[in-house]
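Alright, structures below, take your time with them.
Okay, so chain A shows up in both of these, paired with chain B first and chain C after.
Right after this comes the complex of A and B.
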C-alpha cells in the first residue's frame, strides 16, 4: 500500500502545479495553449498504453479520437442527448472501435509495421466514410449548438475546460500507473519485450493486446469527446485525419515511451516548440510539421527513451560522486 | 502400468517439402528425466515446439496428463503445467531479472508483490538471487540460461521441456548447473531435455531417445545408447560404427 501511495506522489505534484495555473493567470492565450497541450497529452497517453507498454505501434489512433468526437457531437445534435452522457458514450464507442480493430488485427497475427499500416488504413477508411455519410454532416461537418451552461458541458470561461481536461489527464496518469503495477501490465510489457516467451509463460497475448487496445482507445476517445465539446465543431479531416494520429504518437515518443509522464512531458515540449515556431516564423503553413519531423528524428537518434529517459539519466549522474561524473557523462 | 505424463504418438511435421519430424513417438514418465538427443537438424526443437503448442503437428497426437492436447495454444498448455525454455534464450531484455521471473509467477499470483516474492524464491533455486535487480540484458550467457530456467519454473510446471540449457556453458558452469536440474527433478517435476552435452545426459537422464532425420532411431538407458551402432552412425555417418568396431578389434 505504501509503495502504491509513493508511486502516485509525483503524479499528485505535477497535477497540483498544473491546477495552480488558473490562479496565476486567466489569460486566454495561456489557457488555450495549455488546454490543447493537455488534450494531446491525453490522446498521447492512450497511444502510450498500447504502443509504449505493449509495443504495438498504432498509426491510426485517429480512429478512436474521431469516434469519440463524432459520437459526442452527433448524439447531442441529432438525438438530443445531454452532453454529459454523450461524452461518456463517446468514450465507450471509442473503446468498442478499439476492440473491433484490435480483434481483427491481432487475431490475424499482425505485428510491427503491418499492424501500423492496418490501423492507419482503418482510420483512413473511417475518415472517408465520415466525409460522405449524411449522419456526420458529410463535407460540411457537425456543429454543436452553442449553449453556455454547465448542464450542456459548455462554459464561457476557459478555466472550467482547463480543469476538465486536467482531470481527464489525471485519470489517465493514475490509470497507467495502476496498470504498471498489475498482472495485466506485467503481461503487456512481456508481450512488448518478447511475444513468444510471453506465450510460453501462459500469457494469452492476443487477449492482452486486445485489452490494451480497448483501454488505449478509450483514453484517446476521451480526448476526441473533449475536442468536440471545446471547439463545438468537427469534420472528417479533424476527427479522423492523420494529424491526430501523428500527435498521438509524437508526444509519447518525444516524452518517453512506456513511461507514465512521457506523453505529458512530450505534449508540453512539442506544443511549446510549435508555438515558438509560430511566433518566429508567423503562420507559414506546414512549418510546424517540419519542426515536428526534425524533433522526432533528433529524439529517435539521440534519446530513444525520450525526455523521461534523459531525466532519469541525469538523476543517476546526480547521485554519483560529483568528481568523475562529467567524464562518465561523456562516455555514456 | 500408469500412463506416462507425456506421450508423443507418431507425430509428424512437414514444412513444405521438408519432413522435419517423421512419425516420432516417445514417452516421458512422471517424475523422471528423459533426454532427447540427436545430431543437428534431427527435429528435436521442432518436436518441442509441437509439444508446447507453438506448432501444430501435420499428423499424430500428443497426450499429456491423461488428455489429448494436440494443437492447443501455448498459453493454455502453460496453464496446464507445461513449461519450455528456448534454445536461443528469449529474455525480456528491458526488464530486470526479478520482473522477468515475475511474468511467469503471475500465472498463479495476481498481485505484483506476491509474484515478485515468488520470483525471488524461484531465483534462489537456480542461484540467481544475487542478480534480481539487474537488467536481464546485463546477464552473462550462463546467467541467461539460468534466467530461462527460472522463468519456466515460475509457472510451477508439472512438465518442464529444457531445450539445450547447457549449450554454450563452459565445463565448470555445466558442473554447477547439473545439480540444479537434478534438484528440480527431485521436487517431482517431470523433465524432458534436449541436450548435446553427453556428460550431463549420462549423469541426469534415466532414459534417452535418439532422433535422427526426424525419426526416433534408438532408445534406452544412456550407457546402452552411447554404444548403439545406429546412434554412432547417426552422428558420425554411414559405416562409422563398423570402422570403429574394426579399429577396436
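Right after this comes the complex of A and C.
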C-alpha cells in the first residue's frame, strides 16, 4: 500500500504544478497552448499503453480519436443528447472500435509492421466513409451548436476546459500507473518482450493485447471527445486524418515509450518546439512539421528511450561521478 | 450497366493505372523483401520525384520521358544515400526504429515540399497530354498507354538485374540469408543501400510516367502509398511478379468499383481488399514466407 502511494506521488506533484497555472496566468495564449499539449498527452498516453507497454505499434490511432469526436458531436447535434453523456458514450464507442479492430488484427496473428499497416488501413477506411456518409456531415463536417453553459459542457473561459483536460490526463496517468503494477500490466510487458515465451508460460496473449487495445482506444477516444467539445467543429480530415495518428505516437516516443510520464513530457516538449518554430518561421506552412519530423529521426537515432531514458541515464551518471569505482562495483 | 461497351474500357483503363501502381509497389516490395522493413517514406519520395519531373520540364524544358533518364540515376543516388547515411545508422537495426525513421523522413520531405512550393496543385500542359489511341472499343489516353508499356519494360529489366547481375545476386543472397552473405564477403550495408536506391529509382520512373497525365502537390504521392501497400501485401512482400500482377489487379478493382460506387467511395474497394488480405492471407498470393 505504501509503495503504491509512493508511486503516485510524482503524478500528484506534476498535476499540482499544472493545476496551479491558472492561478498565475489566465492568458488565452498560454491556456490554449497547454490545453492542446495536454490533449496530445492524453491521446499519446492511449498509444503508449498499447505501443509502449504492449509493443504493438499502431499507426492508426486516428480511428479511436475520430470515433470519440464524431460520436460526441453527432449525438448532440442529431439526437439531442446532452453533452456529458455524449462525452461518455464517445469514450465507449472508441473502446468498442478498439475491441473490433484488435480482435480482427490479433486473432489473425498480425504483428509488427503488419499490425501497423492494418491499423493505418482501418483509420483510412473510416476517414473515407466519414467524408461521404451523410450522418457525419460528409465533406462539410459537423458543427456543435454554441451553447455556453456548463450543462452543455461549454465554457466562456478557457480555465474550465483546461481543468477538464488536466483531469482527464490525471486519470490516464493514474490508470497507466495502476496497469503497470497489476498482473495485467506484467502480462502486457511480457507480450512486448517475448510473445512466444509469454504464451508458453500460459498467458493468453491475444486476450491481453485486445484488452490493452480497448483501454488504449478508450483513452485516445476521450481526447477526441474533448476535441469536439473544445473546438466545436470536426470533419473527416481532422477526426480520422493521419495527423493525429502521428501526434499520438510522436509524444510518447519523444518523451519515453513505456513510461508513465513519457507522453506528457513528450507532448509538452514537442508542442513547445512547435510553438518556437512557428515563432521563428512565421506563418510559413510546413516548416514546423519539418522540424517535427527531424526531431523524430534524431530522437530515434540518439535517444531511443526518449527524454525519460536520457534523464535516467543522466541521473545514473550523476550518481556515479563522485565515487565512480564504487558504483561500478555495485552494479557488477 | 454491365454492357461490354462500358466494362471493357473500364477494365483497360484500370490496367493502365494498375501498371503505375505496380511500379510504385515494385520499389516498396523490393525494399521490404531485402531489408524487411516497411518504408513509410515511399509516398513522400514519390511526391519529391513528381516535383522533380515537373520542374525538369518547367525549368529545363525536358520532356518527362527524357527526364526519366536523368532522374532515375539521381533518385537511385538519393535512395542509396538515405539508407546508407540516415536510415541505417539511425535505426540501430531495430524494426520499430526503422518504421519511425522512415515515418519521420516522410513528414520532413512532405512538409519541406509544402514549405517551398506551397499547397498549390500543379499540372503540366504537354502537347500530347490529351491524345488518345484506340484499343478495340476503348480509347486510352496516350500517356497512360506509354506508362503501361514502360512499366512492363522496367519490371522486366528489374527482374533481369535481380536474376543475372552480380548486384542482383548479392541482393538475393542478403535477402535470403544475411549472416551467410556477410560471411561470404558481401558488404551488407552496401547491398541494403543499393536495394533502397533501386526502390527509389522505381519511383523516379513512376513519377515521370505519371506527370503527363496527373497533377502534383505536396501530398500527391500519398494517394499511391496505401494502394502500393495493398499491392505489396496482396502480391506477397518481396515478390516482383506478385507486385506486377497485384498492381494490375488493384487497378482494375479501383476502376470497376469507381464505376459502381462513384469516385470517392471507389477507393474503399482497395482498402477492403487490403484489410481482407492482411487478415486472411498476410503472406500474400505469391509470398514465400508466412
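The working rule: the second predicted complex is superposed on the first by the 321 of 332 C-alpha atoms of A that agree within 3 Å, B and C clash if a C-alpha of one lies under 4 Å from a C-alpha of the other, contacts with A are read in each partner's own complex, and residues count from 1 in each chain.
We adopt the following convention: a residue touches a chain if its C-beta (ideal position, glycine included) is under 8 Å from a C-beta of that chain, and two chains touch if they have at least 3 such contacts.
Owing to the predicted nature of the structure, the values given are computational and were not obtained by experimental measurement.
Of the two partner chains placed around the shared chain by superposition, chain C is the only one that A:108 touches, whereas chain B remains out of contact. When both complexes are overlaid on chain A, the residue A:187 reaches chain B alone and has no touch with chain C.
Of the two partner chains placed by the overlay, only chain B lies in contact with A:196; chain C stays clear of it. Contacts of A:205 after superposition: chain B is touched, whereas chain C is not reached.
Contacts of A:284 after superposition: chain C is touched, whereas chain B is not reached. Applying the stated contact rule after C-alpha superposition, one finds that A:80 touches neither chain B nor chain C. Partner contacting the larger number of chain A residues, of chain B and chain C: C. Look at A:318: by the touch rule set out above, it reaches neither chain B nor chain C. Contact residues on chain A toward chain C in their complex (touch as defined above): 57, 59, 104-105, 108-110, 112-114, 116-118, 120-122, 124-125, 128-129, 131-132, 246, 249, 253, 284-290, 292-297, 300-301, 304. Within the complex, the chain B residues that touch chain A are 52, 54, 73-75, 78-79, 83-84, 86, 90-95, 99, 102-104, 106-107, 109-112, 115, 151-152, 154-155.
Across the interface of their complex, chain B is touched by residues 181-183, 186-187, 189-190, 192-194, 196-205 of chain A. Contacts from chain C toward chain A in the complex involve residues 37-38, 86, 89-92, 94-97, 99-101, 103-115, 118-119, 218, 226, 229, 233, 264-265, 267-268, 271-272, 274-275, 278-280, 282.
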